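Look at the two complexes coming up: subunit A is in both, with subunit B in one and subunit C in the other.
Right after this comes the complex of A and B.
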């Protein structure tokens, strides 16, 4: 287990009675793609900001690689390089004159020498598929999807072991959504980076995930494999979350007596599965 | 944390003071401030204190909110008091090392302490009991005469309310940007001053870009709703004096006369004693 949240609770201030996070515990394994899903205000963003110690819990703690990250002498700067966090809005992060310089910001902060910084920036930009001719344009002239790629590269350049993406698909059209999520998957498959996706939509992230954690009102509602979580569609609905449409259709077909596999998370596989069943 | 900063620190409750017209409250605060500087005898300060306590009680705002403002000027207050205590010439009470504490100094220090305290608490009552938008409305109305000398009063008021509206938005944005850069190992508490200033560039650039974008969007939205400057614009809730306001003005007048009378009386006494 790489990352363990141990009875995590968080409040904005002591006077406030309401817990933003309320006794949340789970563990994440190395090399997994984990999705943390919940509605606005479910505490998912607050939760991930604990992973790299941007927030300090009121109670409980987090263990990374067997060590308590909120221990006094833990090196939290090094932690932030190991657990890379990409925020939702690229505009909150991009500031340099060129794309390339902006990606250099992270590794420069780690105190690496110039050559290493530039090599890492180049590799990171290549990895996310930013074309060479964009390297020296201003990041503010890019499209939303391109900006997103550059921000991911900006964090990747620090060579993180865990990459946390907050609402990676928000505000992007379907083509870009797919592309960004494919980058995440490729990082896991090729480099063994553990991926944590944060989203409010099951539809988007389900088929990429090995493991889903559902948050609701600061509490952990469900935790398990994709199938295990989707089995509990009723509980999900209570948290006003829906299972993907294709999965819902398969579950309905199953109820009607068709022997289809319900572990289907996107339209293509749904079509394939229905075809397979009908051929019988 | 940036979250803790509250400009326009309105305390939401219902009270006689909250209900007053913002013009009344602004003028009242001004009268009070002037009185603190104009009259400086023990008795007038006693009246000022009594007035302050009355207003605080009427406002129903917990006293700790009023004292919050004191925290900000604490250092300033200490320095002023010490400065007056040690550096006023006069009849020495006692002295140590290079310092002389005089009767006059002691009096002056005590006076300064109360003057500043009353000033800060008094003005904070205004901001605690008046919403920012009401405050700008009041200021606009009070600045109205300046129109005669071609001051664009309505535009200034509009700018003020827009600025007030965007303070929390930009504060939250700063917080988010800071976190995003911290996540890339940015270091904001370097001991080296030059490095520290430089470390704020990654926050300021995105913040400015976003502020300009917001300004642009807002201008477009205003344009789309046919905003054409302040002249002749009507208000949804025009300011209107109520019975409470006249009572407040009367109390202010009584307060002013009482303070003035006491000052005159004391000066007269001194005059008589000397004569």
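Right after this comes the complex of A and C.
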């Protein structure tokens, strides 16, 4: 296990007089794509800010690679290079004059020499598929999807072991959504980077995750495989979430007496399953 | 019926300049757009990122005015600078991110903000604020602090702020993109209710096709041009064309199309889950009789 949350609590929200995180425990394996889902205010963002010690828990702790990251002598600066956070709004993360300079910022901060910095920035931009002709334009002139790629490259240039993506596809059209999520998948498949995805899109979560953690009012509500989590439609709806549309269609068919498997999360699998059941 | 919004040959040029202020190139963000929207309709504008749909939307309440062509809102030419505020009172706009739109410390205060700017009497403002909050089912939160609300609640407060100005039309630019599933449902239900019960004309921009199955009309934008317009059934019947433009269709529509293509004789297009299930039942009987 790469990352373990051990009875993590964070008491901060004096206004609402409640715990933002309340006794949350789970573990994430190396090389997994894990999704964290939950309603607005369920504690997801606070939780991911604990992963690289941007936030300090009131109780409990996090173990990364077997070590307690909130121990006094733990090297949290090194941790922040290992666990890269990509925030929701690219405009909050981008600030340099050119795309290339922006991506160089992280590795420069790690104290690497210029040559290594430039090599890493180049590799990271190539990895996410940013074309050479965009390297010297201002990041602010890019489209929303391109900006997202550049922010991901900025974090990748630090060669993280874990990449945390907070709502990486919000506001993007279907084509860009797929492109960004495929970057994450490729990083896991080719480089073994562990991916932690925070998302409101049940479709995306179902399609890409190995494992899903469901948060509700600061507590962990569910924790399991895609099948295990999306089997719990009622619990998810009570927690302001939902199941993917294809799954809802299969459940409706099942209610009508068709003996279909409801563990289906996209149109192609739905079609396969309906054809199998109707035998055509 | 009354044409509430009408555009004629609208083109908007976007000039890109280099660091020294010299013109680098000129791009038509939208080009030759002709649309008309009748009073009381709920219409949707769809298109991939950068297709020009937001640029078009910004023309409908005079946030942008056309480089060429004309936009009329309730008969007013939006290029008439003296009438800008009349246009904006008639056509209010709600944006994607609720956090950037809320200004008040208390919900009520936030909702009344626009009315205050219109110079409406205090007593009437309170009345309008109460009605507006009721219309989006947020009245019980009138004394709450906006930053304690969920995304869906904040977005409904933003909508109430527009409603309080008694517009004829609300333009919503991806109002659900940042919300969790429940927030999305709350906002869409509020929008549909405003349209059906209060007869407010709705112009909804979205990537979520399930949200616009019930729309009166869908406009499809691609590369700055209007490439398709019609009822949801007409538009979503063209699955291949939409896919080619990088757009999706409702999941039930897609599954229906794929089943049809693999030989199940169902009538296309299917729009809802329920329709799909009953079509599968019907097709099964006819095919396997």
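The rule we apply is simple: the second predicted complex is superposed on the first by the 271 of 280 C-alpha atoms of A that agree within 3 Å, B and C clash if a C-alpha of one lies under 4 Å from a C-alpha of the other, contacts with A are read in each partner's own complex, and residues count from 1 in each chain.
Throughout what follows, a residue touches a chain if its C-beta (ideal position, glycine included) is under 8 Å from a C-beta of that chain, and two chains touch if they have at least 3 such contacts.
Fair warning: this is a prediction, and the values are worked out from it, not measured in the lab.
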{"item": "Partner chain in contact with A:186 - subunit B first, subunit C second, else both or neither", "value": "neither"}
{"item": "First, second, both or neither for A:241, with subunit B first and subunit C second", "value": "second"}
{"item": "Partner chain in contact with A:219 - subunit B first, subunit C second, else both or neither", "value": "neither"}
{"item": "Which of subunit B and subunit C A:155 touches, first, second, both or neither", "value": "first"}
{"item": "Which superposed partner A:91 touches (first subunit B, second subunit C, both, neither)", "value": "first"}
{"item": "Most subunit A residues touched (candidates subunit B, subunit C)", "value": "C"}
{"item": "Common ground on subunit A, meaning residues reached by subunit C in one complex and by subunit B in the other", "value": "none"}
{"item": "Touching residues (chain side subunit C, partner subunit A) in the complex", "value": "48-50, 96, 145, 147-148, 150-152, 174, 177-183, 207, 210, 246-248, 250-252, 254-255, 258-259, 262-264, 273-274, 276-277, 280-281, 284, 287-288"}
{"item": "Touching residues (chain side subunit A, partner subunit B) in the complex", "value": "12, 49, 52, 54, 77, 80-81, 84-87, 89, 91-95, 105-106, 109-110, 140, 154-155, 158"}
{"item": "Residue numbers on subunit A that touch subunit C, as the complex places them", "value": "15-16, 38-41, 143-145, 167, 170-176, 200, 202, 237, 240-242, 244-246, 248-249, 252-253, 256, 258, 267-268, 270-271, 274-275, 278, 280"}
{"item": "Of subunit B, residues touching subunit A in the complex", "value": "3, 173, 176-177, 179-187, 201-202, 205-206, 209-210"}
